[in-house]
Every structure is written in C-alpha cells, then in structure tokens.
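Below are two complexes that have subunit A in common, paired first with subunit B and then with subunit C.
And then the complex of A and B:
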C-alpha cells in the first residue's frame, strides 16, 4: 500500500473529525437556551425563590468565556478538544465530561462490542449454512423467527424479555449494571462481582443479539447465493475439494467481504445503537447519560458524547479502509 | 504423488484390458420442472478410446454442456440423472458415493472451465489453488513436504507455459489466457485419464485460443489422457478432435471420426451444420438451418429434427445428393418413431431413418 494513500486517508480522517466537532460546537448554540439559566430557573421553581439568577448566570458565563464572541469560543472549544478536554457537566457539577465518560463508556463498549461480535459470528455462520444446506428443509424453519425478530426494535424486544424473565419469572434482575448496596462493590478483582455483572448484562445482551442476528444472517445468505453461483465454486467442486473446504475457503471467505464492511460501520454505531436498550434496562452506560443530558440541556455532555461517537465511527472506517487490502487482494490503493 | 491410485472399492469393477476409457450408455439427464421433465440429454451413448480427442458440438440448448457436467456428476438441481451408465476406465461413476466421486474428480476426470471466466478463487494465490486440489487427493501421511509441493507447482506452471512467479500472483493479476493456463495446470495436476473441456477458449482472442489449444494438445499427448471438448466452433473441432459427436435436442445424432464427418456427413442436421460454415469463396451469403430448436418439454413426435429436416421436407438443395436414400425412406417413420443411433459403418454412428432400411 503506497504511503501517499495512507497519508491522504489520514488527512480525510482529520477533516471528518474537524467537521464533526464544528457541528458539535454549533448545534447546542442553535437551541438558544442557556443551560445554566435553565438549571437555576428549575431550582428557583423548586425552592420557590432564588435571588439574583441573572448575576449568577453572568458570573458563570464570565468565568467560562460564554460571553465572548462566538469565534473566540469556537477557537477555545477546538483547542480544548484537541487536548481532549470536553468541559464540565452542569448537572453533575463539578464532574468533567471526561470523568462522566470514563464512568460509563466501558460499560457500553463492553456490552456493545461483545453483543456485536456474538451476533456477527453467529448470524454470519447461520446465514451461510442456511444457503449452503438449502435442501435441508428443517433449516428453513429457522427463517421465520429470525426474520420476525429482526423486524422488532431492540428496546421493544428488551421490554418483552424484561417482562418475561424479570417480572413474571424472576430469573434475571430488573435493572442496573450490578447489584447496588453491597459493600466494596464495584470491585473488578472479585469474581462474584464479575458474575453479578454478567447476570445483569444477560437480558440487555440477549435483546441485542437475538434481534440483530437476523440482519447478519439475511445479509450473509444473500451474499452466499451470489457466491454459490460463481464459476470458481463449480471449479472447486470439479477439483474434487471436500464440502467443508468449499464452504469455508471458497464460500464464506468470499461472501464475507461485504459483511466485514457492515461490521466496521456497526462498530462506530455501538454507542448510539445501545441508547434505548440502556434506558430500558437502566444500564450504567453512555446511552443513559446521553438521554439524561438532552432534556436538561447539558450541552457539554451532549457535545462530548456526540464527539466521541463521531470519533469512533471515523476511526472504525479508517481501520477498515487500511485493513481491507489484507483480506481482499483485489483492493489496491493507487494514487488519487 | 501424481500417479492416481485406484481406491480399493473401485478396484472391483476395473477392467484393465478395456481400451475404452469412457463408456456412456443411454445417459438421460432431465430437468425436473413444474412444466414436466425437460429432456436435456436423452438416451446418449458413445465410447471414447484412451488418448482420443472427442469434440461435441450442437446448438445452444442441445444438451452438450448438461451432458458434460453430468459425466462428472456436477449437474445441479433441478437437473437429475434419470438413467444410463457412465464408466470411466471400467469404473461406474453413477454408482459411486459422494466421497468416492469427489476423489475421482481431478484425479481421474478433470474439468477445464470456460475461457477467461472467474474460475479461480479471487482471494487466494495461484499457488494455493493448485496445491489444494493435490492436497485433498493425497493422504496426509503421503503428502510430500513443502519444498517438493512447491517444486511440483512450478513444474506444472512451466508445463502450461507460465513463468514460475505466477505462483505468487492473485487471479486478478492475470490475463484471460494466463488464467486459462492456470486452469489447465490445475486440471492436469494429478494426471487424469480424462479431461473435460467446456468451451475452454470462448471469450479468448484467436491468438490466445490457438496457444491454449496447443498447450492442451501437448499435455494430453504427454499424459495419454482422453479429451472431451465441448463447443460450437467447427473450425476448432476440425483441427483438434479425432472424433466428433453432434447433438440435437438432447440426442446424439451423429458420431464419427472427424475427417469422415466433414467429408461425408450422414445426418441431415450435420450436413446442414457443415454447409452453414462460412466459405471464403462464397461471400455475402449466409446459410443456416431454418427454424428453431424444439422445446424439450414436449419434443416433436418421432424424429426430433423432422420439422426442420431438409429430407423430410423435401428441400430442393438436398434432392440430388440424398435422392436414393430419400426414395427408400418411409417418411411416416420420421413423425412417429424416434430413430436409434446405429453404427452403419465402422465407428460411424448415425440416428436417422434413412439408414435404417435393413432392419
């Protein structure tokens, strides 16, 4: 792979991130609301009276530079973001957005990554087998539940699972990432804590895996149909290759290439895809944080999360673009 | 490593003295459709001797490719083999189980696919694609070491006129002619008794076509393998084949040595086919065969060719040449009885009522 491709691809990555951060900067400002004012008014409404709201807002704006011209704020925002300083949350004062993200993002990434990989592997294999053994009618029986499930939104299916396995039969917990109120927890060196976390993660994970399985399976099945009709498939059979070799090295290996593109794109969408699942299961992830921040106009938190999402997606596609020639030799990058 | 070993199960019905390498008897391949059985190959019989090169021609849809695929049992549903036998060196291919048939492919009967098609797996290097055929026909403990296998790969590539460095290339880096040479190298990697070539040079330009055919001929002679060449290029057949089979609507209508069939075609269809070849002396005149091939779901009664047959329809052009035969022909037979393929002279098989007077 030529260096000039890598360099231009990296440049594209930074341009993407730059445009994304610019949008992230301007979006909350379009709303025209001052989050602090909102917060104070809310407090005032609750407490009945609060003196000098306006003075407090002004003092705050002065301290954090919100009264400066927009371009100055923009430059400061950009300088901060380069240093990965995403500001402070107003509603979780004085925590920084970085702290909030640090508390939540690993929960989301762990759940999202594991469910994605599970669903990808099982779904892809299932789709491949569905087509490869199409004469086996019992496999076709699998199709209708898979298709039905893939049409159901995660969070709705999550609610059904909650109702069945937590409410009617109390097999799994109703909410949370781990059991609260136990001394010393969270403690990642404690096996019973880890077991507790897995127990809590089972239903959210199931709701994602079972629903997204169908998409992978259908995509793979479609690709497998095309691959099976290729000339090299007939040639493989004429070469007297065993069925297993034809299935993996000729079938799956070729049919999987578009699936990998899908996988990389999904990697970037892990966090946003889980937002509603996290809400349904009160899971301590980024999604829950985002859903709390939006109605409260907690601009720094919204900006921070959206920025991280954009960064994740851009990074995933960058890695995919650089890695694709390794899985498919036909793709070579030339100048331009 | 390269000499094929006959598996114990196969050894039972091998007749070493048989000169015929391929014996096809009453082969029937039907497509099972909602409209009924499409008789793509119906009652085809022929034999091919060791080292002999047979051409198989016919219009599109005449069943030549279907038959070739069925010989290797590579036919796909809805095609079914509805009857008949195929013996390769005495081994009855249609009676083998799947695993035995898999072992037989490439080792005893190999396929050279259509030219310049995507017959190579795009994600692996040429080397790996030559090796995997060898590997899956060799017991693990008998598999030679890496250096020897690589040596064999180079040897094979050189034998088809390719450079050693092609081994490390991917299919997309090769030209159509080079890909076809790789396909030849793969097909001959286990020195099969029989090579099936299904239009190996279609979509290649004539210069490359010639090179490929010369390479195939050279390999075939060196290995004493028999070749079945499927196609519709009569010029190519005339140059390459020793014997020619002509298919029409699922039937083999004529089978004869190539020189004789060109000089003295017996079947009216063959006659028309050969006279339709362009002639440099006669410009601007295209002769063909009137009409279209019949539907194979409900073939015409009697002889399948009779609606287009110049003899049956008493065309002027054919009156002189076939006058005697035509006079003795009971044309009622043409519309009622399907003619059998009969040997009217030594190795001259023809399926036409004109030649059946004696019986």
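And then the complex of A and C:
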C-alpha cells in the first residue's frame, strides 16, 4: 500500500474530526443563551431565593473562561479536545462529561457492534443464497416483509415490538438494560446477571437487526448477480467443483467485498439510529444521556456525545479503508 | 343499416378517444408501458395515492362534535384539547371517535390526518433546499474543477461520515432552546445537512455527462456554458436528480421524525413525529394505549415504504445496469 494513500486518508480523517469539533463548538454559541444562568434561575424560582445568581454565573464564566473572546475560547476548546477533555456537565455537577460517557457508552457500543455484526452476517448470507438458489419460492416470500421493514426506522419498529412482546405477551421486559433492585447488581462475574442483560437486550437488538437485514441482503444479491456471470465461475463449474465450494470460495468471497465498504457507513447510521432505540427501550446507553441533556440545555454533554460518536464513526471508516487492501489483494491505490 | 351506422359512430368515438396523438404516442404510451414493467414505482405511487385520498377525503368530510358539543372539522378537532375531568382516554370506534382520543382529549384520527401533510411538508422543504444546493455545488465543482472541486469534494466526503441526526440535535437545541421549532424552521434545520449526499451523486453524473458527444457538439457549435448546462445536461440529469430528490425527501422525513421523537420538533403542531414523542414521554406502551401508538406508526410505515419503492423504481430508470437485471 503506497504511503501517499495512507497519508491522504489520514488527512481526510483529521479534516472530518476538525469539522466535527468546530461544528460542536460553534453551534451552541449561536443561541447566546447561558444554560447555567437558566439552571440557577430555575433553582431560585423553586427555592424562593434570588440572591447573587448573577455573581455566581460570572464566577463560573470566569473560572471556565466563557467571558473571553470567542477565538480564545475556540483555541482553548480545541486544545481541550486534543487532550480529550470534554468539560463538565452542568446538571450532573460536578461529574465530567468523560465520566458520564464512560458510564453509558459501553452499552451503546456493545449493542451497536453486536447488532451490526449479526445483521451483516445474516443479511449477506441471505442475499447470497437468494441469488444462488433462485427457484426457491419460500426465499422470495421471506424477502418481501424483510425488504418492507428495511424502509422503516429502527425505533418505530422497536415500539411495535415492545407493544407486542412486552405489553401484550409479556415475554420480554418493558424497559431498562437489566432488572433493578436486586442486591449486588450490576455484577459482571455473575452469570444470571449476564443472562438478565442479554434478555433485556434482545428486543432492542432485534429491532435493529430485522430492519437492517434487507439492505445487506439486497446489496449482496446485486453483487452476486455480477459474480455469477464471471468467467472464473464458469471455469469452476466446468471443473466440476461441488456447489458448496463454488458458493463459499468463489461466490461469496468475491461478492462480499463491496459489502465491507458499506460496513463503516452503516456503523454511523446504526449509532445515530440506536440513540432513539435506546430512548424507546429506556436502555442505559448514550441515547438516554442525550435525552436527559436536551431539555436542560446541558451543552457540554450534548457536545461531548456528538463529538465522540462522530469520532467513532470516522475512526471506523478510516480503519476499514486502510484494512481493505488486506482483504482484497487486487486493489491497487494509484492515486488516493 | 341503422345498426351499422351506430356501430361506426361508436367506433369513431372510441377511436377519437384512443387516437394516438403525437403526444400520447411519444410521451404517455412509453411511460405507461414502462410502468407496467417497473412495478415498484406503481406500488409506491399507489401507496401515496391511497394516503393522499384518505387525507383529502378526511379533510373534506370528517366531522365530529368536540367536547363543547360543537361540530368541528379535522383541524378544529386537533386544536380542541380540552377534556372533562372524568373522561379517560378510550377506544370505542362505534360511539364518537373512530380511533379514540389521546390522554389530552384530542381525536387521534384527526391528529393523524393533519399530521401527514405537515410531516411531508418538512420532508419536501428540506429535500428541495438540499437537492438545490447540492446541484449548484455539483455543477460548480464539476465545471470549475481544480482547487474548487477539491475543496467541495473534501468537505462533502468529510461531512458524510458525521452522524447527521446528532448534529441536527445540536442545531435544534441551540436555535430555540426549550421551546421547540416551528414546522418550517424544522425543515430549514434539516436542510443544513441534506446537501452532501445529492451533491456527491450529481457531481459524478455531471462529470460523466460532460464528456458525452452531444455536449461536445453543443460546445463546438458555440453554445454558452449556461446554455449547455440548462439545455443539454439538465434534461439528461433529470432522472438522477429526481431519484436523489426522492431519497432526500425520505431521509429528511426520517431526520425530522427522529428530531421530533426526541422532543425537538414543533410540539404544538400534531406532526406524526410529535405524536411519537408524546407516546414515548407519556409511556403509552406501559399504559397499553395501542390505539394511540399504532396509527402514526402505520401511516409512517406506508409513507416510508412508498417513498422507498418509488426511489428504488427511479434508481432503475436512472441506472440502466439495474434495468437489465429485471
């Protein structure tokens, strides 16, 4: 792999991160509102005393440099971002955004990666088989509801699943990431706790997997059509290779490559789709944190979540782009 | 004899109706013939037509008594949000409200009917702006080339991996904190990130079409750059622009419903996404209010599946390689 490809790809990654952090910095400042002032006023209204809120706001601004000119704040923000310091939440004071993210993001990443991998494997296999065994009608019959589902947002399907399997049939829990109120939980060395977590994760995962199957299957089917027409397939058939070998070694292996490119972009989509799925299922991930932060204008938390998720998606795209030639030896990077 | 006379007059009437004028022969018949082959478009348009019929007829004829015993149309019933204290949300299609009322006393049927055009309006507004801006950028980038093209391409490529829903959350919270946006403002907010996709697709098509023979021909015969763009290239770009417009409408609606479900939309207008938000925040699933939750979801599924079919069908029109496969 030539160096200039790696360098240009890395440059792209940094431009993405730079744009993301700049957006994250400037957007909340458009409104010109001071969330701390609002919180203090709200507290004052509730508690019935209004002394010195202005002085407190000023002291806070002084301490964190919010009264300096914008460019100075921007430079400080960028320096902080490079050191991965995302500031403090106003409403969960004095927790830092990093602490809040650390509590929640593993739930989101685990759910996102698992659903992505399941959907990718099942969907790709389905698409390949669909093209390979064209005469099987039951596959076609199976495909139409799956394709219809692929046009529906995850969380709407999640709501329907929740209504059906939790409320009407009470098979799965109605909310949460694990059952609360049992002493000693969460305890990751306890098998029954892990079982409980999986039981809670089933419906959120199903709502993402079933919806995203269709896209993978259609993409794979399209690639399989082209692959089936290649000369090496004809040769494999002439050699009398068994169907299984032709399907896995010749068919899937070649047709799967463009699917891999879609993987990183899908990761971004799944992550932002998961935010709402988590809201629907009251799952303890980043989505719940975001929904708490939005009505309270907790800018630092919202900024932190957006930045971290953008960083994750960009990183995944980068890794996949760099790893691609390892998977497909035919690729040559002549120019970027 | 007379019989034959009427027969022929009938025939001539029939002939004049089906007579293939030039317009019918060249434009309408090929489209109809193509639609018979491209079933996806027909199904998608059918779903849309059915929904439009449902909404239109409801606006014209649906009437109910509100809680003050006054007769109201669909619009009035959505606004009438007052409930008597003893009136609980209930589903009883045979007396009064066909889909029941929500816990605030609004007629769910009326809310869905009013919500469909509002939701579509957000999608159309955002997609129109997004595709418009994207198209201009694409033409500028592909035509000027060089550094301009490089800048546009870099910005577009680096914006695409940023999860747009989350950035939109940031935009919406900082524009009007705490109060929510109006329907049109929501459309503008979504348009902020609706252009990179169309810009990328259209730019690559402009690059392809620019090298075609007829464009070369026009250039050699002295047509101006704008003339080439509008007279030669635009008509040939139309299927691509239309396909990316439909995809943008669907994407913008998805984003708008996502924002609304997070409580960032117009909470005082009954868009479908706001209905979903109220369902989530009042935990209608825990209360078992399925007749409140399902109607907006069903309508949204029809909308999304319809748009998906139309855009898949248009892809087939735009991309001959897909067409051969059918």
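Just so it is clear, the second predicted complex is superposed on the first by the 320 of 336 C-alpha atoms of A that agree within 3 Å, B and C clash if a C-alpha of one lies under 4 Å from a C-alpha of the other, contacts with A are read in each partner's own complex, and residues count from 1 in each chain.
The rule we apply is simple: a residue touches a chain if its C-beta (ideal position, glycine included) is under 8 Å from a C-beta of that chain, and two chains touch if they have at least 3 such contacts.
Keep in mind the model is a prediction, meaning the values are calculated, not measured.
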Check: So if we stack both complexes on subunit A, do subunit B and subunit C clash, or do they fit?
Finding: fit
Note to self: Tell me which touches more residues of subunit A here: subunit C or subunit B.
What the structure shows: C
Margin query: Taking the superposition on A as described, I'd like to know which of subunit B and subunit C A:10 touches: first, second, both or neither.
Written below: neither
Check: Touching A:121, do we find subunit B (first), subunit C (second), both, or neither?
Finding: neither
Notebook entry, point to check: When the two structures are overlaid on chain A, which partner does A:264 contact: first (subunit B), second (subunit C), both, or neither?
Noted result: second
Margin query: By the touch definition at the top of the document, which applies to A:142: first (subunit B), second (subunit C), both, or neither?
Written below: neither
Note to self: One more residue to check, A:24. First (subunit B), second (subunit C), both or neither?
What the structure shows: second
Check: Thinking of the overlay built on chain A, is A:79 touched by subunit B (first), by subunit C (second), by both, or by neither?
Finding: neither
Checklist line | Where subunit B and subunit C come nearest after superposition, their Cα distance in Å | finding: 14
Next item on the list: Could you list which residues of subunit A make contact with subunit B in one structure and with subunit C in the other?
Entry: none
Next item on the list: Provide the residue numbers of subunit A that touch subunit B in the complex, in ascending order.
Entry: 135, 230-232, 234-242, 245, 249-250, 253-254, 327-330
Checklist line | In the complex with subunit A, residue positions of subunit C that touch it | finding: 154-155, 157-167, 169-171, 173-178, 250, 254, 257-258, 261-264, 276, 279-280, 285-286, 288, 290, 293-294, 297, 300-301, 304-305, 307-309, 322, 325
Next item on the list: Would you tell me which residues of subunit B are touching subunit A in their complex?
Entry: 72, 74, 77, 102-107, 110-111, 113-114, 117-124, 132-133, 136-137, 170, 172, 183, 186
Item checked: Residue numbers on subunit A that touch subunit C, as the complex places them -> 12, 15-16, 19-20, 23-24, 27-31, 33, 35, 148, 150-153, 155-156, 159-160, 162-163, 166-167, 174-175, 222, 225, 264-265, 268-269, 271-273, 275-276, 279-280, 290-291, 294-295, 297, 299, 302-303, 305-306, 309-310, 313-314, 317
